[in-house]
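After this come two complexes, each holding subunit A, first together with subunit B and then together with subunit C.
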Partner chain A sequence: MSKKVGPSRRAMLSVGLAGAATVASPGILRLTAKAENAPIKIGMPLALTGALGSVGQQLKRGAELYAKLQNAKGGILGRPIELLIEDTAGNPANCVRKAQEMVERQNCRLFTGITLSSEALAVVPKLAEWDAVFMSSDNGDGRLTAESFVPNFFRANISGPMGTRAVSLYLRSGKAQKFYALGLDYAWGHNSVQVFEDEVKKSKKDFLGKVFAPTGTKDYSSYITKIRQSGADAVFLVLQGDDNNAFLSQSQQYRLSEKVRLLTEIVDLASIRAVGDAALGLIGSSRYSFTYDYPLNNEFVALWKKEHDGAVPDTFEGEQWQAMKVLEAGITKAGGIEAAKLRPALEDIEIESVKGKVHIRKCDHQGVQQGFMVEVVKQEGIATPIPKVIATFPGESTTPKCNSMTFDD
Partner chain B sequence: MTTLAFLLTESLNALSQAALLFFLGVGLTLIFGLMRIVNFAHGALYMLGAFVGYSLAKGSGNFWVALVGAPLLVGMFGAGFELTVLRRLYRRDAHAFLMVTFGLALVVGEAVRLIWGPDALQVAPPSALAGVVFLLDEPFPVYRLFLVATGIVVAVAIWQFLERSKLGLLIRATSQNADMASALGVDVKRIRSSVFGIGCALAALGGVLAAPLVTASNGMAATVIIDAFVIVIIGGMGSFLGSLIGALLVGFVQVFGNYYLPDLALAFMYLVMLAVLVVRPGGLLGKET
Partner chain C sequence: MRAVTRPILIVVMLALLLAPLGLPPFAMTLLTEALILGLFAMSLDLMVGYTRLISFGHAAAYGMGAYACGWMLLHTGMPLLFAVFAAALLTGVIAIAVGWMCTLATGISFSMLTLAFAQLLYAISFKWTSVTGGSDGLAGIPRTSGPLGFAALSGKSGFYYFVLACLVGGFLVCFALVRSPFGAVLRGIRENEAKTTALGYNTRLYKIAVVATSYALGGLAGALYAPFAGFANTELLFWLLSGQALIMVIVGGAGTLVGPILGAAFFMLMEHQLSSLTEAWALYFGLIFIAFVLFAPQGIWGLATAWLRRDAKAS
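And now, the complex of A and B:
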């Protein structure tokens, strides 16, 4: 019995208090009138620690710089941006719980930056119930815009299948015939390796085999042995964070790249810095790089350098920046952040971004954008190797069919 | 690759991993044997070793400075922590140690993030160890051979230290019966500080040596502490030889398991632990209490 009484009494009390306060104080009335100027809360339950902590940290920095600069300009629609940042340690259950808390306690209705695809897949089924919009800035798993698609989900970033497709389009003209694949043993790794396998088979080349390593693997020697034994000309890597660093460091110690070409779904600057010359020669698709030569990117890189003592932005800092810009365009067009208004506003929106044009297509909310292939090279005067763009592909050729993860040709 | 070459290189891989695991496990088990403390901060100190090693290597331009300096500094930090904090807790029950060492792990983890930043940092092996040697026509990293050698040297050194030196004798006496040792005039307090310091230094040594393989990163503490516990549980809490056997078992099971049944990579280590515990609940060389 007492359990039932508790909340209702508390609710009554708060309603009563709020009412009394409203009547008593004209100040409150001003506040209510100002509700339109209330902060725009953007929830970011990020993997700030754990094996993918470096990715979460990048997403955080990207969003923070955007919020700082945008708030200095008066925010969006005259409302300041408030980022709600929490650490999930990369655990899907944690992520859902933190997001739920943001919805219930802080009345948050916007999400971005959720780090792992497994976390994103856990969150999307709840979006309708929360009446919240989630703008992905780094989730790779193709299912998020295919079988697991929900209307309140949008993806501003290049997905795993899109990155993989750029690699496979690039390989069609290359000499390598026999391929092997190594992916991280979770949603994104399996998804991208599958797409790669299909692409290789379609282009009538040999797919020799694949293997998956659990996140947090410290010793990659067994996997390196497998790759060497496969007899492949090239290995396709779907690795990230600490695992990527461990693999690249160890494969260099084994001189693996002298025998097998290293291809990767994602070339990430933080990883290049962490492994140094071990990244040289790596060829892969890139989701963002400071080396892209577009006016808006040059502007963004300059802003970033000014803010961060001359450092250049990393992959996910750029991706998060783009996601914020898409979100901003949508909110401005919708005139608010309510899902019912924001959703149609974001559908079919097109903005000029750091990577050229990004068009959020209506059918599955994927941001259609160019695909980039880069090679990690040494440049005069810079100690750390940099990703150099070696090919670009139009968004139409790298984006899968609507609500799917496959490609026609 | 011939079968023989495969077995040889994979066994060496397993030994190199076992060496890294041994540095962790032996420190943990020495500390437990003497003080009945489960040191939850062991993984964090391993990570601290890697980051201190990074700074020393970068500052001096010499990996060997890092290899000696990082364990020394982290060991001193550990001994200092025992002197100032743990010492006050010996009369309390074991929960106090769990809380305090877990707290230390959190503090060290955050401190590393604040001092060195969130990104992984490169620690390159020294140029003398950066190459490959050909074993039965297969290239094998010299650095991994160096890890195996270091593992053997450290294991023999610890064994000789425990068996032959005066301090080693006192450590064994204190871990068998602290009250009796104290009554016979052994300075138990000093022994505890030294052993905690040595344990922490060994963890840091593991961290510095692992850094060229995995880079120095914030995530390294979390992934490694579980392995260390598994080794100690397999070998028997408090047993030096047990931690050596545990490290070898886990090293071989991980390397060969990852090769033959990669889908079960994570489960293997626990299956071995389970099997050992079913047969010998106190661990292979532990006391069944």
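And now, the complex of A and C:
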């Protein structure tokens, strides 16, 4: 009558053990190594999938080649480099969680390659708590070195405002008078378009209007119609990844480039490969181009070709390479990776890189470097069009004032 | 059945209470997030499992809670404790209007209306930049401790216990609700709404009430997430999250309250671990979901209780 109906002790025990094992499993994997020659862990929570997956993949390849070659030379300070690469699918929530995991489980204190600006903006407020340094290699959002700036953030890459500035400097001497802008509807798109609008107005030309498309837009026909109807001579594009490909392919179908000059903040090889001849004639700034004729770049391109069956490095592969070089110089100078030592070491550091001199200025940790303008052209012997460097501008003229996104002249 | 599950729940509760003493930091982070998602999934279970109101837009509750709490913490200096509950309350109040509107329809039309409402909020979050921060969302949300000695809440363990208390509180509210006469009417609506109406109940009012309660608890989960992650962005309002919440409920076991909490923890851990192993993690998770729907429609909790009952009988 009073027979117990509850579960047996065995069942309880196994449930308890299973539960304990589940919650404790991350702890089992925790590494606490802190030896002198322990690996230098560099966390890369990247958008390897999703609309900006192609950018994340480039960042991954750039870092991997650097780590491979540097490790073959004995690493940095005699410590091997270990990359912790994880996919965030471009979602800031995943990015913060993965980064937190790298800090808490793997004792990682260095980050690079965080792909989307929205992800970077979610991560930077946490850097102080994590005691970690984040070296941006692709984040374009100007605010990261302006109002959202935190001391543990550094940017080795060309930012959105810097790219836009190169375009506007180039246009000052051009014939086009009336401009329209199309940007992706997120941080980077908005502030690059804003900088462009200011620059156009400053040079006493007409800014006719702007429109923003959500990331992942497949059909750009209504945007193309708006651009055509605006009566602009040129349209400034702040698009990336799949969106850029979709726009360029459709604009070719609509023959947009016959009426309106296509300018872009960023010319990317991956897009050119994806859309082929639809990219021909596109003029824009480039954060990195393999065609830039400079000894260190030629050396890097040769290395890349050797490792990748003759393929040339793309924009973010070059940018990531440069970011790793800046980080390496900082770590070497600091003699370690602790934020308290590395931060002052990186401030005011100057290195020779694939794009020439890069100087990380102390006031907002932005890497001052030359700006490039390229045009997408056909070259004999190469099947797909290539971005040819048509103008360069000194870093002093393309980098905004300290802690801001605006320019003096 | 209760005799089987009650000791288990007590053991789990004790383990959760002691967790901060023994778990490494990242396991605590994962556990805290799992509990928040558990609360979110459980709130949906009130609608899906008990009333068969299938919502395709439950992310609206989560996102609204997160944005409201994040905004208050960023701009008003309100202490965490108040901001979280105020955000949940606000979500619940707004949900009365949502419930009123959505319950004009039934079945799939109801689901589509919930989806439409969530997508509307998603669009607003993009455009109302001055409040929502547009596509960047709100970043750097602090855990303001406030003047009344709630400083512990801003720490890792303190925040964990706060989340745990909210989950347990939410569970007790739901548990009491589904066992009350109110809950009996909800089950009546689930099984046969026409008959329940014929018995003299104004079923629409009950449905509006359950939508508001469910959204308030979902809003509570979102309000906890904002200070937990330190940011709130548009993804929290996106339909993908609504779909994931339904998956959590179904995989965990709909109509059980405990099941969806387990489903949420399972989903989060699987997503986290699978995405470390392969870029095609979504594919594998899809297969796991299909397997559950085909072979274990009663979900994880259904499997666990069946197994425990069998084991109890055998011994």
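The working rule: the second predicted complex is superposed on the first by the 375 of 409 C-alpha atoms of A that agree within 3 Å, B and C clash if a C-alpha of one lies under 4 Å from a C-alpha of the other, contacts with A are read in each partner's own complex, and residues count from 1 in each chain.
As a working rule, contacts are C-beta pairs under 8 Å (C-beta built on N, C-alpha and C of every residue); 3 or more make two chains touch, one makes a residue touch a chain.
Since the model is a prediction, treat every value here as computed from it, not as a measurement.
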Touched partner set for A:299, first subunit B, second subunit C, both or neither: neither
Touching partner for A:131 - first (subunit B), second (subunit C), both, neither: neither
Which of subunit B and subunit C A:100 touches, first, second, both or neither: second
Subunit B versus subunit C as contact partner of A:49, first or second or both or neither: both
Contacts of A:87 with subunit B and subunit C, given as first, second, both or neither: second
First (subunit B), second (subunit C), both or neither touched by A:214: both
Touching partner for A:147 - first (subunit B), second (subunit C), both, neither: neither
Contacts of A:274 with subunit B and subunit C, given as first, second, both or neither: first
Touching partner for A:245 - first (subunit B), second (subunit C), both, neither: first
More subunit A residues in contact - subunit B or subunit C: C
Residues of subunit A that lie at the interface with subunit B and also at the interface with subunit C: 48-49, 185, 214
Residues on subunit C engaged by subunit A in the complex (per definition of touch): 3-4, 6-8, 11-12, 15, 19, 22-27, 29-31, 33, 126, 134-137, 139-140, 229-231, 233, 235-236, 269, 272, 275-276, 279, 281, 304, 307-308, 311-312, 314-315
Subunit C-touching residues of subunit A, taken from the complex the two chains share: 4-8, 10-12, 15-16, 19-20, 22-27, 30, 48-49, 86-87, 89, 91-94, 96-97, 100-101, 104-105, 117-118, 121-122, 124-126, 141, 148, 185-187, 190, 214-215
Subunit B residues within the subunit A interface of the complex: 1, 6, 9-10, 13, 17, 109, 118-122, 124-125, 130, 132, 139-141, 143-144, 210, 212-215, 217-220, 222-224, 254-256, 258-259, 262-263, 265-266
In the complex with subunit B, residue positions of subunit A that touch it: 48-51, 53-54, 57, 185, 211-214, 216-219, 221-223, 225-226, 228-229, 241-242, 245-246, 249-250, 253-255, 270-271, 273-276
